[in-house]
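First subunit A sits with subunit B, and in the next complex the same chain sits with subunit C.
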Partner chain A sequence: MSRAKNPGKPRQPKKLRVGIYGITGCAGCQLSIIFNEDDILDLLDLVDLQAFPFIKEVNADQHFDWVIVEGLVASEQDLATVKKLRRNAKYLVSLGACAATGCVPAYRQFTLKENYEHLLYRKQKRLKDVEPTPIDAHVKVDYYIPGCPPDKKEILGFFTAIARGIEPRGTDNPVCVECRKNGNACLLDQGKPCLGPITAGGCHAVCINGGLECWGCRGPTKDMNLNLMIDILRKKGFDDRFIRDRMRTFAGLKLPTLNRIFHGKG
Partner chain B sequence: MTRTIKLDHICKIEGHASLTLSIDKGRLKRCELGATEGARYFEGIVRGRKYNEAHELTSRICGICSSAHVVCALHAIEDALGMKTSRQTEDLRVLLTLAERIRSHATHLYFLALPDYLGYESALAMAPKFKKELQQALRIMKTGNRLNALLAGRDLHPVSATVGGWLKLPRTEELRSMAKELKAVKKDAIATCRLFFSLEQPTMETESEFFSLKDRKGFAVLRGDFTSAQASFPKEQYLDFIREYHRPYSTANFVVKDEKRYMVGALARFNNNGEQLSPSARKMLRESGIALPSRNPFINNLCQAIEIVHCIDHAIDLCATITIKQEKPKKARVRAGRGVGCIEVPRGTLWHDYTLDEQGIIINANIITPTAQNLLSAQEDIRTFVSGHLDMKKDELIMAVEKLIRAYDPCFSCSAHFLEVKWE
Partner chain C sequence: MPLMETYRQTKADWKRFLEALMKGRELIAPVKRDLVRFERVKDIEDIHLKSMSYFPAKHWFFPEEQTLFRFSKKGFEMPKQKEPRRVFFGLRKCDLNAIKHQDMVFIKQAKDPYYKALRKKSLLLGYHCRTAPSPFCFCESLGLPDFFDLLYYERKDHFVVEVGSAKGKALVKKYGRWFHAEKGLTPEQRRIKNADTLEETDIGRFYDHPGWKEGVNLCLSCGACTALCPTCYCHSIHDEVTVADPGSGERKRQWSSCQLQGFTKVAGGHVFRKDRESRFKHRIYHQLEWFREKNKVPLCTGCGRCIQGCPTRIDWVSMINRMKDDEHRT
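Showing the complex of A and B:
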């Protein structure tokens, strides 16, 4: 959870009017809320849940204190939904990687048009595409719960904090800090293309714990050293195309300097 | 006068869909069900990426069945590379698939389907009166998720499964202790069956053909031929018997050879493989009074409930018997080729198809999800149902139609698919 510029301090009302919405995405972030199996019933009791169309039939679409949004903006309908939710909420929270960075679907912006243009012409006519983009490309976001998927306990912590009127806090430490705490052997040292050093933590290094190198799903840290990371990967024998594509997979739109570094190579 | 019913945002489903019904002079003129999910073009996104990245990328198609996409992608890539994996790798992939199905069915049954039957707007609204039932649901979901996380590192978007095997293996003791957890939750699965058996199910008969994998060795999970009562095809030939076409209001529709629509999912699996269910699941099936084959799509919910019992039994068996050997993922020998993965997942049969160049770069991909295959069947069943119930009040009709849609357990996040497949 990182905090965006000066959203103001949340006040503590009686029970917060909360809405949870999904736009284009995989529904995995919304499931990660529900998959707090021991706490979900109490959790949703902490707030006045006004909307959650994924599991509710009756849903308000205005007068929210907090709106939590999963998904990226991929269609005109998504754009209209996000704008409307922003107008009707005091605080808007971006849940998961699609909302925060555009995640894997936004990688399309970096692929060759010929990779997907054969898929375009059969699209249904009434759904109009927009460039796949994170929510904050269109509206102001007050808080982020990043990750693909987000850590379900982090979601729990976020809800508990806002219900108590406490400012939710995330971490700016890179994944490596938690990874070392867990006693994992460094995957970079083993020659794997791990993006842990430049990626925001808070995930407890779940991928590295499971043997997989970090792909950067939580987005870059504020003080990352991107050039050093690229140098390290080059020295490990990875070519520029691989490094660029891997870095762009989950957070390409948040790494605009890659364009300059790789001079549009590949 | 034409009466139009338009449901622009159907709730309590995965992803986004809409339905339009036009009734004119006592006859249903128009019935269009379509995904309204923004397009994500996964089949284009994987092009240009390496063979060992496909599963990481396509996992993001769907949260609730991400493990299924991973296993299916791995099968397809290994097929393209001519790799054979170890028995242990396959057993653990079966277990991962079962774990996911347990939690997916429980989530669907209690959070999406059940509130309609009990007259509530949501499972949350049921909480004061049905706390015991919700707690049993959450225990089943938790056990499925814990097994998923033990094998794959977390509940969804698994991390440990890779081309050729596993990046990290569970310990044998962890599997044994998971067997105990599964045994403990079996009573909740049986209670779930009885709860769903007690609900009044609308009746109707679908004209769809029921397809699933069929495997002589047991209730099919990851292997077998794509089979119905009338036909059977090996997966490699799928482009010869599955055809897709497009309508402007929706994403792809699929039909099998001879232009017949078909249904995949728990009901199809039961109709084709019911005699291979575990003894406890068969006992539940007898108790349910369902006569197989059943053509009533509403029964899919009951089949899912019974299938949780079967999956728990199968998972207990694997957790109690697998003794983990420390083995590294097999090394891939990169070559050009094409491979097809076809497995049974919570909502039906899933297909992944990749073509690789000599460097192991993906140059083409085709992914067909269960919901994409079921879309036409669901739409035509709605047409049949509405045509037979035009005297119903609008609200009741909408509720019954939504119940029917949810019985299919559609996942519109998954359904978007835009690849052209040539049909001669």
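Showing the complex of A and C:
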């Protein structure tokens, strides 16, 4: 096969057209991108940032190679946005815990509507709420950058990987792997309800480094031993309600078996 | 076996000796904070010898993460690291033999320049366990040989010191004023009475034994055992590129663990040790069987840190002992 020769003029690969959007969420994950202050200008050089309404005034809404979405689907408008973005992008990336698991806002799925409805939705008629759900409940997600908030270096790693045309290097190892490397004392051993063993790492065990147990913000690992984790916490004296609520805080919708284990809603 | 050269050193002289070694060297020894770790020691009073360290000294030779080389479109260069000279004090028999086993892997087999650079400038001063330093250790079951530059036996008001290498001999010669003649120790005095015993190290025939299930059911696959193991050497390698030029960056290696699914993930995404049981057994079989098939000795040195540090205290030693007992009964 012969290739077109272009002597003296190295072929510049076309930059990837990227869009970064937020739906219902605190925008903290989009901030995590910007927190890469020392690299942000190089990052803008690396990709063709077509849309980033959080910091940019003129934004395209179609013809994306990659679109990155923060937040969960909590309103009809969110749903329309995420479906439109999916249609207009080759690849869709879920950024942060809300997009990946539903995170804290999805907690309202675990309580009765009359417990919260009067607080907001009856006052704000304009808001048309839907069941709070992660993005992948509605559209196909090609890649996840989890975390509440995501690790800013991991975001950079994602961008350099797609620019090189290789698969980004995520991790599905439990938090314990990084925690032990950091030389931390095990918080479970100290009787704290640490969810590190069933939670995906990549966060460098930042909470445990600071003495706070893992709450599971990066979502469960595919390989988790959930029943054993619950057994351990029960043996340490935590009651079922506490264990269920703790596990539901960040990733309840990704732990559907909790319902069965703890006998239903409530 | 020729008798070891043996000396007596007062505790005051021991302190003087370590202080003398600290001139031009870093002293690494166990220090107790929330847990006992091998740390850089400035004050000899900080050295903790009462119990075994929770973390081994492994990372001083085989760091958790390390840069192998930097690369760009122009080529690549090794990091110009100047490793400090180090003296280790308080390594126990398990720790010392673990270093010996990692030497086999990194120096003898892989000829790894990074490990070698850290290792060759190190003095290994061991500390003999009079009684079991941990409720989980079982080194005597593995018949570990002597491996040290100097080995310290603590007595009430002095140390008895054995010389185990040419490096150790040179130290005694140089600092002779702090070493006094002492008669050699008897095999009984040199023994370590462990808390635990592993009754069988040749476990090939137990591979399909239902007894493993007990451990597998208690396993979170968290990788604590391999991180805390002084001998586990498996690692993964990846590139970290710069944002300014994704064609340049660093190639790094970091600890990995056979307990993780991702450890056996190959091109195309296939994971060939997907089930927990095969991963659980892999560690123990590599430690006791497969390393020995290549190197004549088991990899494990019986420190028991993998049991002590396991969130569910999976006692695989007792599991193997029970499999062996079952065999006698039938």
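In the analysis below, the second predicted complex is superposed on the first by the 245 of 266 C-alpha atoms of A that agree within 3 Å, B and C clash if a C-alpha of one lies under 4 Å from a C-alpha of the other, contacts with A are read in each partner's own complex, and residues count from 1 in each chain.
Just so we're on the same page, a residue touches a chain if its C-beta (ideal position, glycine included) is under 8 Å from a C-beta of that chain, and two chains touch if they have at least 3 such contacts.
No experiment lies behind these values; they were computed from the predicted model shown.
More residues of subunit A are in touch with B than with the other of subunit B and subunit C. Contact with subunit B, but none with subunit C, is seen for A:211 once the two complexes are overlaid on the shared chain. Of the two partner chains, subunit B is the only one touched by A:37; subunit C is not.
By the document's definition of touching, of the two partners only subunit B reaches A:115; subunit C does not. By the touch criterion defined above, A:49 reaches subunit B but does not reach subunit C.
Residues of subunit B touching subunit A in their complex: 9, 11-12, 14-16, 34, 36-45, 47-50, 53, 56-57, 60-64, 66, 103, 107, 111-112, 115, 121-124, 127, 131, 134, 138-139, 141-142, 145, 152-160, 162, 166-168, 246-252, 411, 413, 418-420.
Residues of subunit A that touch subunit B in their complex: 22-32, 34-35, 37-38, 40-41, 44, 49, 52-59, 72-75, 77-78, 103-105, 107-108, 111-112, 115-120, 122-127, 129, 132, 148-149, 152, 206-207, 209-212, 215, 242, 245, 249.
Within the complex formed with subunit A, the subunit C residues making contact are 34-35, 37, 54-55, 64-65, 217-224, 227-228, 238, 240-244, 246, 254-255, 257, 260-262, 276, 309, 311-312. Chain contact summary for the complex, subunit A toward subunit C: residues 36, 39, 42-43, 45-46, 156-157, 159-160, 163-164, 169, 171-174, 176-177, 180-183, 185-186, 188-189, 196-198, 222-225, 228-229, 232.
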